[in-house]
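In this document, chain identifiers A, B, C and D correspond to the written order of the chains, with residue numbering beginning at 1 in each.
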Amino acid sequence: TTQVTLVQIDNYGPWTVTPEPRREMDLQTMQSRLFADIAQFVGSRDGYAFFTRFDNMVAVTNGLDDRDHERLQATIRNRYPVTVSLGVSVAERPIDALEDATGRIQAAGSAQDHSRTEVLAGEYVDAPGDDDLSIAHFDVNDATGKYTDQLNEFDSFIRIEQGYAALMKRLREEHGALSFFVGGDNIISICPDMTEADYRATIDHVSEAADVDFKVGVGRGRSAHEAGFAAKHALEDCRYEGTTVEFAAPTAVTR
Amino acid sequence: TTQVTLVQIDNYGPWTVTPEPRREMDLQTMQSRLFADIAQFVGSRDGYAFFTRFDNMVAVTNGLDDRDHERLQATIRNRYPVTVSLGVSVAERPIDALEDATGRIQAAGSAQDHSRTEVLAGEYVDAPGDDDLSIAHFDVNDATGKYTDQLNEFDSFIRIEQGYAALMKRLREEHGALSFFVGGDNIISICPDMTEADYRATIDHVSEAADVDFKVGVGRGRSAHEAGFAAKHALEDCRYEGTTVEFAAPTAVTR
Amino acid sequence: TTQVTLVQIDNYGPWTVTPEPRREMDLQTMQSRLFADIAQFVGSRDGYAFFTRFDNMVAVTNGLDDRDHERLQATIRNRYPVTVSLGVSVAERPIDALEDATGRIQAAGSAQDHSRTEVLAGEYVDAPGDDDLSIAHFDVNDATGKYTDQLNEFDSFIRIEQGYAALMKRLREEHGALSFFVGGDNIISICPDMTEADYRATIDHVSEAADVDFKVGVGRGRSAHEAGFAAKHALEDCRYEGTTVEFAAPTAVTR
Amino acid sequence: TTQVTLVQIDNYGPWTVTPEPRREMDLQTMQSRLFADIAQFVGSRDGYAFFTRFDNMVAVTNGLDDRDHERLQATIRNRYPVTVSLGVSVAERPIDALEDATGRIQAAGSAQDHSRTEVLAGEYVDAPGDDDLSIAHFDVNDATGKYTDQLNEFDSFIRIEQGYAALMKRLREEHGALSFFVGGDNIISICPDMTEADYRATIDHVSEAADVDFKVGVGRGRSAHEAGFAAKHALEDCRYEGTTVEFAAPTAVTR
């Protein structure tokens, strides 16, 4: 059961060019700080937030209720020149949760409707369970040796990007998972129940389609942090064992 | 003539998992704030910085000298738990500048060599000219109406990502340009001299390969900001005229 | 019942001058961002944090437990070049809580003992009550008309500072309250039970000692935010009624 | 010759309570981040900025011209929910520069006039000299041993505050210097030409009036950073020599 929140900056396109185009680096600074604040707010409550397109950000918010969402909305209003709308929903398949969360915002008006501000519409997990969430942490094998220390940075980046483009598409189409690039050579996917064979097939597909080799650690938990932290430990297991897919042992991870 | 700086976090991979994996949202917060600080430092001196992979960031730094680079390095050391290495170089084709900038850091050691810290190696533009830089600002037509207000956010995002993946690859291979996603449906490319036909061919290629339709504004200038700001105005011209490619009139843009 | 947390940067003095003095504006940036992050972390959980001396910050943390404190400590470690120690305690008189909180850190070693890092020692409120906290929000009458628009900024500032110096001392000595300047002409005091006559006497004392005239709104609540928000509303009542001391009606304030 | 900039948030008082009072910790976060951004902008150009009252901040801006000031104003407009007015002036005595800078903003309207926004009025140093600025860095002797490790934090803070209140007043009245608390036990003063005897008399006065013992390092330079950095080195000399007043040798300090 995944609870997903869509964060959409209200009427942002027009704002960026009114009264005339704004300095790009100011937009970049504003966007990335806004994301950092959301990551910190959600993250310190054990959720995960992803920058996605920056004007639309996706978060996994199991454990956050409507009061928390209201507060996030208020603190942004109080500190930024823009406001945000929030759509929240719950489903087994992550994509279904996001589909519904998006629909709740769309129903209230266009992303560029200047009279639509600070929508807060959603439903929340009501009976949280210990393994509600499944998170996979993908990582490229020896990215440092094969790319970073060998190619110019843009060519390294192209490789990682093409790998990401292939992985995100495949996981979405086959499994309804949501995959996000989180920097370096790392991708975090919010997944439904998937088998080891599913992960292997995914990695093989990407290796063929984009010639990039991933390994993956998979974890479950009550919150994104719990599941994601277990996934990171499983990924460390891949490193030590030299394996490609590792599932975390089903023990609670704290902190 | 493009001056490119590669910013590489020193020994970052090992740091993220020592003594055990760090909370992902703390990494996200730290990375995006580090990028924001670099964007602000470089941007307030009329350069452009891009987040790229976050552990490796690329900046266009015409107008910044070695003293500025030293200072950037020092202010990061004083405020973050990590340090950065900087490689700087100059060339007609942006990719050649980045190739050389990357090589200067690689020559000093691996990105994961814990004894390699705070490399600063570079060469700088010595005779700046009024139209040294060419920047193209690409933007998807009616992304709001076609994607954001219609699809769930992940499916919108996949469209934009696939468009970006196709565009970045094509422009790098055909022209040695460096293209960066800057949020929403926007891509900024650091380009060599290219004709209107080149831009048109690029846009047609992406339309076929990824079924995403871009328009583009192109500007020139002495600094990234000057060129990029002219490109933004040219893009506004596309909007008003309903055209696909616009070049900025060769007038100096200030501010 | 006030729960107070002392946040102390570990071994900060030596760090500021090692290997040689650090750029002052980098220290200022680092300090004020660290404070901002603590204010946001504590504040989004309905506590209050004050910058105090920046190397030592004081927070009112009713509602935050040891897990929250652990997390605050971890997120700072993950994103800053410094770490913090936290001492937490509870008492009727705010100063007694701070005295004990301070003692818990001091017991573990000196603020400049380089081997003392990340102390976390404390006790927490165990049976929270609806009016555990009392907060007074002091504000200078017509500071804009009398100072800001009349004097040069430093002379305005001296007036406010002298008013603050007199107020903080008096409230600490007579009542064991903790008073913090929060910008502009505003002072927030964490108070024990005090009568209207107590507040009046305080304001009269400051008026005589420093020739600065304050009004005050007082609120109670289960959390610093609840009490402080009620105090702000009471202060607005002073404005509308032209009165000097107002107590908030004992109704729960939400949000 | 000191160039001083007054940064005043436009119409801030009304904003803080419209439509109803805003969460205090959001105000604190916003204010301290705004200051941090100004400190970074000014500081990376070798100026100094002080938080003062947060709604009014004072900066020493030798080396920054009107273009830099315009940019600072624009970047704040693009990233914050508030705008700022800037008044700039130059004089031998720092207080005279601030007096004139303040007057330039006051002349354009009240700090709470909602139609007065983004004033930029000033004059700038036109013939910079190598020792234009004089900065004194004051520091309490053994604050850790006498206060931080001994008293509860509020009582330590009261001592430092009373010392600061006495020092700032004395230096302003006798010399027209501007003194700012910068955290811990440190005060930085922007001074006119003063002799060793002047500094000694100041320290003696504060010792008697507030029973707090300072030492001081004094430096000169072309910029605030240069002067302040020399002052920090001179302060280190006090530490090593056990002296109370040290002047930096008149050598250029770089970086």
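We take it that a contact is a pair of C-beta atoms (placed from the backbone, for glycine too) under 8 Å apart; a residue touches a chain by one contact, two chains touch by 3 or more.
In this text, all values refer to a predicted model and were calculated from it rather than measured experimentally.
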Chain whose Cα centroid lies at the greatest distance from that of chain D: A
Interface residue identity across copies chain B, chain C - same or different by half: same
Result of counting contacting C-beta pairs for A-D and B-D, higher pair: A-D
Whole-Å separation of chain centres (CA-atom averages), chain B against chain D: 36
Computed distance of Cα centres, chain D from chain A, in Å: 42
Residues of chain B whose C-beta touches two or more other chains: 23, 26-27, 29, 33, 40, 44, 74-75
Topology of the chain contact graph, where touching chains are joined (line, ring, star, complete, other): complete
Residues of chain B defined as touching chain D within the complex: 37, 40-41, 44, 70-71, 74-75, 255
Chain A residues within the chain D interface of the complex: 22-23, 26-27, 29-30, 33, 74-75, 77-81
Residues of chain A touching chain B in the complex: 6, 8, 12-13, 17, 20-21, 23-29, 31-33, 35-36, 39-40, 42-44, 47-49, 51-56, 58, 95, 98-99, 101-103, 106, 110-112, 144-145, 148-158, 160-162, 164-165, 168-169, 172, 178, 182-185, 188, 225, 228-229, 232-233, 236
